[in-house]
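Two complexes, one shared chain (chain A), two partners (chain B, chain C).
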Partner chain A sequence: MRKSKFLTPLFFLLPALILMVPFVIYPVFKTVYLSFFLDDKFVGLENYKNVLLSPDIVNLDRFPNKSPPWGALIHNVVWIAIHLPATVFLGLGIALLLRRKEIKGASIIKSIIFLGMVIPMIVGGLIIRFLFEEGAGVIPAIFKALGIEGLAITWTAYPKTALFAAILGSIWIWTGFSMLMYSAGLASIPKDYYEAALIDGANRFQIFKNVTWPLLKPITIVVVAMTLLWDLKIFDVVYVATGGGPGGASMVLALQMWDYFARALNYNYAAVVAVLLTTLTLIPALWLIRRRD
Partner chain B sequence: MKAGKMLFSFLLVGVLAVAVVASGCIGGETTTQTTTLEQITLKVIGPWSGAELDAFNEVIKEFEAEHPDIKIEYKTYRAEDLSTILPLQFESGDTPADLIFMWGWFIADMGTKGHVMELGQIINPNEYVPGILDTVTVDGKIYGAPFTAAAKPGFWYRKSFFEEHGLTPPETWDEFVKLLEQIKQIPGIKAPIVSGDSVGWPLSDVTEHFIMTFGGAELQQKLINGEVKWQDPQVRSIFEERLVPLLEAGYFSDPIEWTSAVELWWKGEYALYFMGTWLTGMVDDPTDLGLISLPGVKAMVLAPDYFMVPKYTSHPDEALELAKFIATEGQRIHVGTSSGKLATWKEVTMDDYWEPMKDVAKVVANVESAPDLDDSVGGEWQKAFWDQLKLLWVQPDRLDEVLKTLDEKFPKE
Partner chain C sequence: MNIPKYKLKEFIISNSIAWVLGLIWLIPFLGVLMASIRPYREIVSGWWHFSPFTITLKNFVGAFNHPMFPISEGLRNSLIIAIPSTITPLLVAALAAYAFARYSFPIKNYLFVFIVFLMALPQQMTIVPLYFLLRNFHLLNKFQGLILVHSAWGLAWIIFFMRNYFSMLPTDVEEAARIDGASDFKIFYKIVLPMALPGLISAAILQFTWVWSDFFLALVFLQNPEKYVATQRLPLLRGQYFVDWGILTAASIMVMLVPLLVYTLFQKYYISGMIGWSTEK
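Right after this comes the complex of A and B.
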């Protein structure tokens, strides 16, 4: 009896497991294996030392006093520091706003905001590129109209603005996700809770603080974790919008890995960055799994 | 019944066999045989699409007409994408095509690794522009062949624009700078020169033109070989005294996407555009095009499209036949189209050229040709070069840092 309980699920899992070995498990082990070799010679942690100490990854000579490049790892951290709170709170704010009865056409507005999530990321990158291009894009035009000439430039061409152009653009792309999640979360909160709070004399802020926000906690955990994962593995948007430049000013880890792999044909260094990236993405992933449990 | 049918079948087959043998014997020399032509398909990968592909298709059409037993299937892939695909496919003994256009340095690299057929049997080096095969030759073995080449001869302008504003092409460096200042004063002009961008190569082309004008082909070759550093005084002076002052004076625009730049330049928002000869096929009226090389130019990049025949082709003989055609007669056909390319095979004459390209071909013929710098070095450095130039274009004061990075990233061997 016990044997069959074990064998039946295994039987159904077997096709997936068989496919996972060559396509997932073997490449993972091979990547880790490659990261310890250089020109077929075992070098221990030498590759890790070279990559992590390279200004391509961490450039403390420029960070934070000078304009980027600050290194791909720092760029990812900056990305998270700006993109994560911006998308979470913007998504929440829009979801709360569009819930109000006096807002007409809320579903249409939601669809427009969600458009960023629907389009292919390559197209998103192209849109970002042109959005920030002087003479073509709306962002430099706005700054020009405001008389801020320093920002009425092609953002993707300048080291001081290229990274921020990519981050701001990706906020537009990703806000649709958090807005949708929060909209669903808000719809699931029973109206009775709000009615009870109103009867108790709570004001809008107190209702948000004591009713809405705590009940949205599971949604927030998912949004934060998913956004973190997205921020860490960001590639396509940067590749198209800035190419990681100028002068590496908007380089991120995933793009650096691709550069090592496809440009320098240095599979060992690429493997090191891949291991680093996987380790970093595992942290929010495991955190998400634990919180959900 | 069943046995009877079988016996009848054997009998019939036997009779037919005897008849066939007999007809062969009786017929002798006067017998005519009808054979069905077996058509094979060769796959070709190249970088072209749109109008450029139309021009290449003229070459393919001619080859297919001469070889009815071979059909060509063409796929467009950028070299950047191929560089990620091919090493892995070759390592596994496979190839996505029978003939592949790719960077010269990449072909040489794959050749030394044993993935590419030697083309010494179909390429006679004496029939080609001197030095053109160097990039694809390793230890005397020719791994790639050149097709037509794009030259990067200088700054293009619209003759009608110059006439309208009373501008004349410069003869000296001072006149060149004066011209830029004159253009800058024209109302509606955003910058005298539009800087093309995308992955970064247009900026490298301009830079190489400055290097070759003030340092010659020899300096370009030494930089390619790593014999001269980027921080070398000779190289530094070209940047410091020639290119950087123009950037600081605002004569170049910010880097903008290079095909959009064509339109803006043609519309008159910019007056000059440094681009390869393929530009002639991208504008509405090629006869309105004028060309300004930097005064005193000593050499120009002649960048051919190289191709290779992977060892893993299923049709080696036919692939070599196609390779030979593309490297020779195919060039004659190609320069006759609006491809904006120049022949690297010396048998092509001036009469074979498309009319708007004849003047350009004459200009290029009068200067020394040099290989494309970043395409020759390749690898991670190529990307670093493009990226650092983008930085220099918007922050020319960071020249020291740019030159240092270019030295640091240069391949060690």
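Right after this comes the complex of A and C.
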């Protein structure tokens, strides 16, 4: 590390600052500012009260006994509750399975599972819609064959199933990420650790519990934080798979923000939802930053 | 194959599980492929029925030359946006990342933490003011406007990624050049950039595929149908009276072909980019 010559680093940073200040940093503060106004009038926390108490965001009259809409915030939480553990453990399980040397064609399977991460999410959303469509889609057909008529329907068209169709589909999209991260993490564990454990007479489960899992902890933190961020920011998939419907039954925060912005033309409410969404993303973000120290 | 008998059971069980999982993950893609190459009447009751089985390219032609939202124009627009939106942030971020990796200056650590925070920021947090900003500068509905926004948004993660990459490079060549009297900037572009080429390729590939795959920013900043990018056209191809899965899947294949191709050709760089983007060395 060279001694500080103040001007040289500034010169290197300048182009980045010129782009980021007007197009990223200024709009962040301006959005916070906008969230306190309505029709150019300062209203303090009024917008927050109206938005947070509206059934668009939290609809406790329906949650959890009736079918969605439960409100965008609750939908995001439900999303996290199902999607996060499912993808993390599936990804870990697949990574563990595919590194066993008896598996033939492990790299092909890995590539297939990772494909969901490569395609545009808007295509992912369309595929979800296609999967859950009665007639043309596989999933209703499977339930029909099983004799479960209640689920042999176009999932995206009914309030009780639309949200879950989007969540299940997004498990298909996102599992590749945690599988990839865990595969890389497993590959970086030195072989002698396992040999030592084997010599000590540890069985497979003990090796996993006492060697693999603790050594994977840094990876788990990254995977969980990134998945949380993805779950909170989810937009394209819902936009095209269900449009947030029917009747808001699969609405999520990012889409609700777009709804206020583009359909209701209420920029202040849109700003409130954006601030709420950003506040929530701070939790995994700070977690990632704290890990640095 | 030489497999000891006692391992045979294990071999069969774990291979079956692995391949069943692979198949489950592949089925949605198979469905898309089948729907795209067959006429509508054959897939409306399930693409897995094979009789009759007619192969046709009509869906691809129909999506490519769609009367309202031709995917051909969308693909062209996506390319016009994705290329400059990859090159610009790559160069700008590489400069900034070098400052973070090699120099010490006041507030450096705070600034870097701020950049990590920006990586987590939802795009929703900026679009209302950005919409008005671009409108006031007559950049709304223009490719230049979207390219600027994409470039600015790409910076945070590329700075993070390239700083990690630069930090791993040995510095002795740089020191030697400095003793020979080379300027800071010359050292940067003559020595550091060429050494960092694999990192730059990884960053370029991810940024390109992410810009190509973007839907939200295009949705906000391109509102003139002629300017619509490929991802933006996809949801508009639904068909009037029923969802025309033939056209939709054919168009989907054309839109995802570009990132798939990039992934296949540069798999090594893609994967190391993915890992390096989310973890810190």
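Methods note: the second predicted complex is superposed on the first by the 288 of 293 C-alpha atoms of A that agree within 3 Å, B and C clash if a C-alpha of one lies under 4 Å from a C-alpha of the other, contacts with A are read in each partner's own complex, and residues count from 1 in each chain.
The working rule: contacts are C-beta pairs under 8 Å (C-beta built on N, C-alpha and C of every residue); 3 or more make two chains touch, one makes a residue touch a chain.
Computed from a predicted model, the values in this text were never measured in an experiment.
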{"item": "Combined model on chain A: chain C and chain B, fit or clash", "value": "clash"}
{"item": "Touching partner for A:P214 - first (chain B), second (chain C), both, neither", "value": "neither"}
{"item": "In the superposition, chain B vs chain C on chain A residues touched", "value": "C"}
{"item": "Contacts of A:P85 with chain B and chain C, given as first, second, both or neither", "value": "neither"}
{"item": "Contacts of A:A271 with chain B and chain C, given as first, second, both or neither", "value": "second"}
{"item": "Which of chain B and chain C A:E133 touches, first, second, both or neither", "value": "both"}
{"item": "Partner chain(s) touched by A:A285 [first = chain B, second = chain C, both, neither]", "value": "second"}
{"item": "Partner chain in contact with A:L229 - chain B first, chain C second, else both or neither", "value": "second"}
{"item": "Which superposed partner A:P9 touches (first chain B, second chain C, both, neither)", "value": "second"}
{"item": "First (chain B), second (chain C), both or neither touched by A:F261", "value": "both"}
{"item": "From 3-11, 93-101 or 237-245, the chain C stretch with C-alpha clashes against chain B", "value": "237-245"}
{"item": "Chain A residues contacted in one complex by chain B, in the other by chain C", "value": "129, 133, 135-136, 261-262"}
{"item": "Contacting residues of chain A [partner chain C, same complex]", "value": "1-6, 8-13, 15-16, 19-20, 22-28, 30-31, 34, 94, 97-98, 100, 102-106, 108-109, 111-113, 115-123, 126-127, 129-131, 133, 135-138, 141, 172, 175, 177, 180-181, 184, 218-219, 222, 226, 229, 232-233, 235-236, 239-240, 253-254, 257-258, 261-262, 267, 270-271, 273-275, 277-278, 281-282, 284-285, 288-289, 292"}
{"item": "Residues of chain C that touch chain A when the two form their complex", "value": "3, 7, 10-11, 14-15, 17-19, 21-22, 25-29, 31-32, 35, 43-48, 88-89, 91-93, 95-96, 98-99, 102-106, 108, 113, 116-131, 133, 148-149, 151-153, 155-156, 159, 184-185, 188, 209, 212-216, 219-220, 231, 234-235, 243, 245, 248-249, 252, 255-256, 259-260, 263, 267, 270-271, 274-275, 278-280"}
{"item": "For the chain A and chain B complex, residues of the former touching the latter", "value": "129, 133-136, 153-154, 157-159, 243-249, 259-266"}
{"item": "Partner chain A, residues of chain B touching it in the complex", "value": "80, 83-84, 87, 190, 197, 199-200, 254-257, 260, 264, 379-380, 382-383, 386-388, 390-391, 393-395, 398, 401-402, 405"}
